[in-house]
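After this come two complexes, each holding chain A, first together with chain B and then together with chain C.
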Partner chain A sequence: MRKMLNVLYVTNPEAYLVKDGENLVVRIQDQEAFRTPIHYLEGIVTFGYMGASPALLGMCVEKGVTVSFLTASGKHQATVHGSPKGNVLLRRKQYRLADSDHDSAQIASMFIIGKLANCRTVLRRFISDYGEKVDAAQVVNVSKILARNVLRVNKEIHLDEVRGIEGESAREYFSVLNHLIVAQKEYFYIQGRNRRPPLDNFNALLSFLYSLLLHEARAALETVGLDPYVGFLHRDRPGRVGLALDLMEEFRPYMADRLALSLINRRQVTGDGFIKKESGGVVMKDTARKAVIEAWQKRKREEITHPFLNKKIPAGLLPYAQALLLARHLRGDLDRYPPFVWK
Partner chain B sequence: MMVLVTYDVSTTTEAGKKRLRHVAKQCVNYGQRVQNSVFECLLDPAQFAALKNKLEGIINKDEDSLRYYFLGSNWKRRVEHVGARQTFDPEGTIIV
Partner chain C sequence: MKKYDQEEDLLSLSGIQHFAFCERQWALIHVENQWVDNVRTVEGKILHQRADDPYFTEVRGDVKTIRSVPLVSKTLGLYGVADVIELHKLPKSKTNHSYSIVEYKRGKPKPDDRDEVQLCAQAICLEEMLDIQLEYGYLYYGETKRRHKVQFDDFLRGRVKELADKMHQNFARGITPLPVKDKRCKNCSMAGICVPDLAKGNKKAEKYLTGLFDEMANE
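Take a look at the complex of A and B:
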């Protein structure tokens, strides 16, 4: 298994990234603010309107470091990576399977099984931790629906049915997430999932975490030589990283939703970390964003036993492990893609 | 693994000064400068071999010296820092 390297997050709006020898140097107002050998990093994520010198980007491409540029609110703008590597035969296989509705449905349903099972674990953990203190009847109910839906997806079904069940399950799941917020209820209250722009604090937090996760999913797919743009569940659309979105599904509950809930419940982010814009959209303040990134990086370092590989790995390598398994399935070495199911 | 690299390069001659610059430059490429001629480098064995090879190609073994201290992967509890010159933890969260 690959070694998990670090990701540098640049949130200072005046930072400019340059290369010096084999080092990455962050300059703020022409002063050197940070320096690291490039081999310490596997990714760079920047927020806001900054730049990086072409020489630096060249070095990152050569060393396989993915550089993502996000807006201040965390929306993805661009990613710089080298020419596509890896196995062209593997990618061809991916395109062929994506062209076939039947094969797409098979793979897509595995992503969704992973997602639903993990959503259910989020709910189940809540029930066992808090079930006696609050009225959890609704949560129990949704958990049962999700369990039923896993079985419904787990059959030979059409792609549209997979999407239908996914949408229905997501609605049910988000409808009870409010119960899982046990602190700061006055600041964090959601009515379903919304985005572009997110309309409440909780959705803003989720969107931000999802964009961090997307960066990782995409980098993981590129590392194993798959094309992140051609998905099975998410169909092709210019500029949309369909397969990265597919791969992300099974990690949303485990890596993002659960983290969002514990950040709120432990008051690591508070209501004053968010600003409501005139347009109705909600954005996160710099302080809140830093707290989230810190918690995110910490969570990535937590060790977890991978259910299929039966091996202890840091949580941050999960997307990579799943990308590897997906590549093996596409090659025909594995009969089915085994989604990551959190116990 | 974490390797602490320290060096002493004789600067009495022009050639010595040149060697010092070159050694320092290679060390910067592979690790974090924690004091003037002391570097903490987080390396895998291949990277260490490459660094060692480069440094030993630069120095003059009659006048200069290099020392490597191997702190392993559990290096954090073996290092304590006091005073000026802040360092960063290459395995920690890096936000600028």
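Take a look at the complex of A and C:
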């Protein structure tokens, strides 16, 4: 498996990125604040205000470092990367499969199977950790529904059915997530999933984590030569990275949801890290974002045994490993796409 | 004999060494445009930086050295660049030379013939371009700092032709052969992308999914 390099997250609104030789230098108010050789990095994500010099962007393109510009709230604005990697024949295969509802359903169902199984693991982990202290009957019940729904996806299925099962499962799952919040309950309480805008602290936290994850899914797909815009579950819509959203599904519970829960339950983020705007939408403060990014980077370094490859890899490489398996499947090396399932 | 007359039919000459080593490695690099540097390939690049200077010529005694010489062969359908060609002045002649091709390699001689094959392919190109015959050339290895003489005999020439034709066949059909996991994978810069473990019979995704469904059914 390839080596995991670092992704640099730039959150300081005064930061400007420049090139110095083979180094990236972060300047804040014209003072050098940080410096690293470019070859330690595989990506840069700036919650962009000031931006980066053209010389730095040129070096990043040459070295294969993806640079993403996000708004302060984590909305994607632009990505700078070099010529697309990989084989045009592979991308054509991807497009052909995406054009067929039947083939799309086969692949889309694998992402959803992964997602439901991993949602179930989030619930089961909670039950084994806290089940004796709290009333977990509802959580147990939803865990069973998710297991049943995984089995419902296992057959000749239409895309609409996949989406139906996914929507139904998501509602059930989010309906019990409040039980999994065991600290700061007065600040973190959700009523379903909402995102445009997030209407509560928990949804704001999730949205931010999902935007970090989406960046990684997209970069992973580009690395293996797939087109992140053409998805199987998420159909084409201008500007939407459909395949990156597809690939992200199976990682949401493992990489984002449980991280959000542990950040709250361990009080690494607190209620005062969020502001409710007059419109009702919630935005995260810089301090909270910083805490989340730190935890995110730490989690990416944790080792996990890949369930299909049966190899220990850092969690941060999971999107890459799955993108690679997806490319192998699309190309015909592998009979099915094996979703990442966290045990 | 089949000729590759169209320029767009030509394949990269340097690929023949990958193809001789592993057909899948070649396909990943040359058909799928995937490439991963590792320590060995970076060292190789640095070594080549010295050899790669098309404006460099050097004359020492009766030997003129030219570098980065563009090559093409229509019988092989390959094009590329020779690291170094040495022109040796022939005795009693002001204008005639004998030519030797030298290919620079990092590391040491390989257990297989991939370097010999690449050198011989270069020789065939030069022969076609200048209408000459070459009996031998040299491989120079960075680790041993030694030149090895390579005879371009009929057997080696036949092997080069055979490999080149197979490369063209695979390229035309867009074939990436399935992985074969063996000891070659240990030194392969593409192992991370190739995922040779998938070659094992027990890695079938269907079986993996069945295990997952069984677990769900037991809930």
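Everything below uses one rule, namely that the second predicted complex is superposed on the first by the 342 of 343 C-alpha atoms of A that agree within 3 Å, B and C clash if a C-alpha of one lies under 4 Å from a C-alpha of the other, contacts with A are read in each partner's own complex, and residues count from 1 in each chain.
Here is the rule we go by: contacts are C-beta pairs under 8 Å (C-beta built on N, C-alpha and C of every residue); 3 or more make two chains touch, one makes a residue touch a chain.
Predicted model, so just to flag it, every value in this text is computed and none were measured.
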item: Which superposed partner A:L90 touches (first chain B, second chain C, both, neither); value: second
item: Which of chain B and chain C A:L324 touches, first, second, both or neither; value: second
item: Contacts of A:D335 with chain B and chain C, given as first, second, both or neither; value: second
item: Which superposed partner A:T36 touches (first chain B, second chain C, both, neither); value: first
item: Chain A residues touched - chain C or chain B, whichever exceeds; value: C
item: Touched partner set for A:R267, first chain B, second chain C, both or neither; value: neither
item: First, second, both or neither for A:L309, with chain B first and chain C second; value: second
item: First, second, both or neither for A:R195, with chain B first and chain C second; value: neither
item: Shared contact residues on chain A - chain B and chain C; value: none
item: Chain C - residues contacting chain A, complex; value: 31-34, 36, 174, 176, 178-179, 192-193, 195, 197-198, 203-206, 208-209, 212-213, 216-217, 219
item: In the complex with chain A, residue positions of chain B that touch it; value: 25, 28-32, 41-42, 44, 47, 88, 90-96
item: Contacting residues of chain A [partner chain C, same complex]; value: 1-2, 85-87, 89-90, 113, 117, 143-144, 147-148, 150-151, 154, 224-225, 307-311, 324-325, 328-329, 331, 333-338, 341
item: Residues on chain A engaged by chain B in the complex (per definition of touch); value: 3, 6-12, 15, 20-23, 26, 28, 33-37, 39-40, 290, 293-294, 297-298, 301
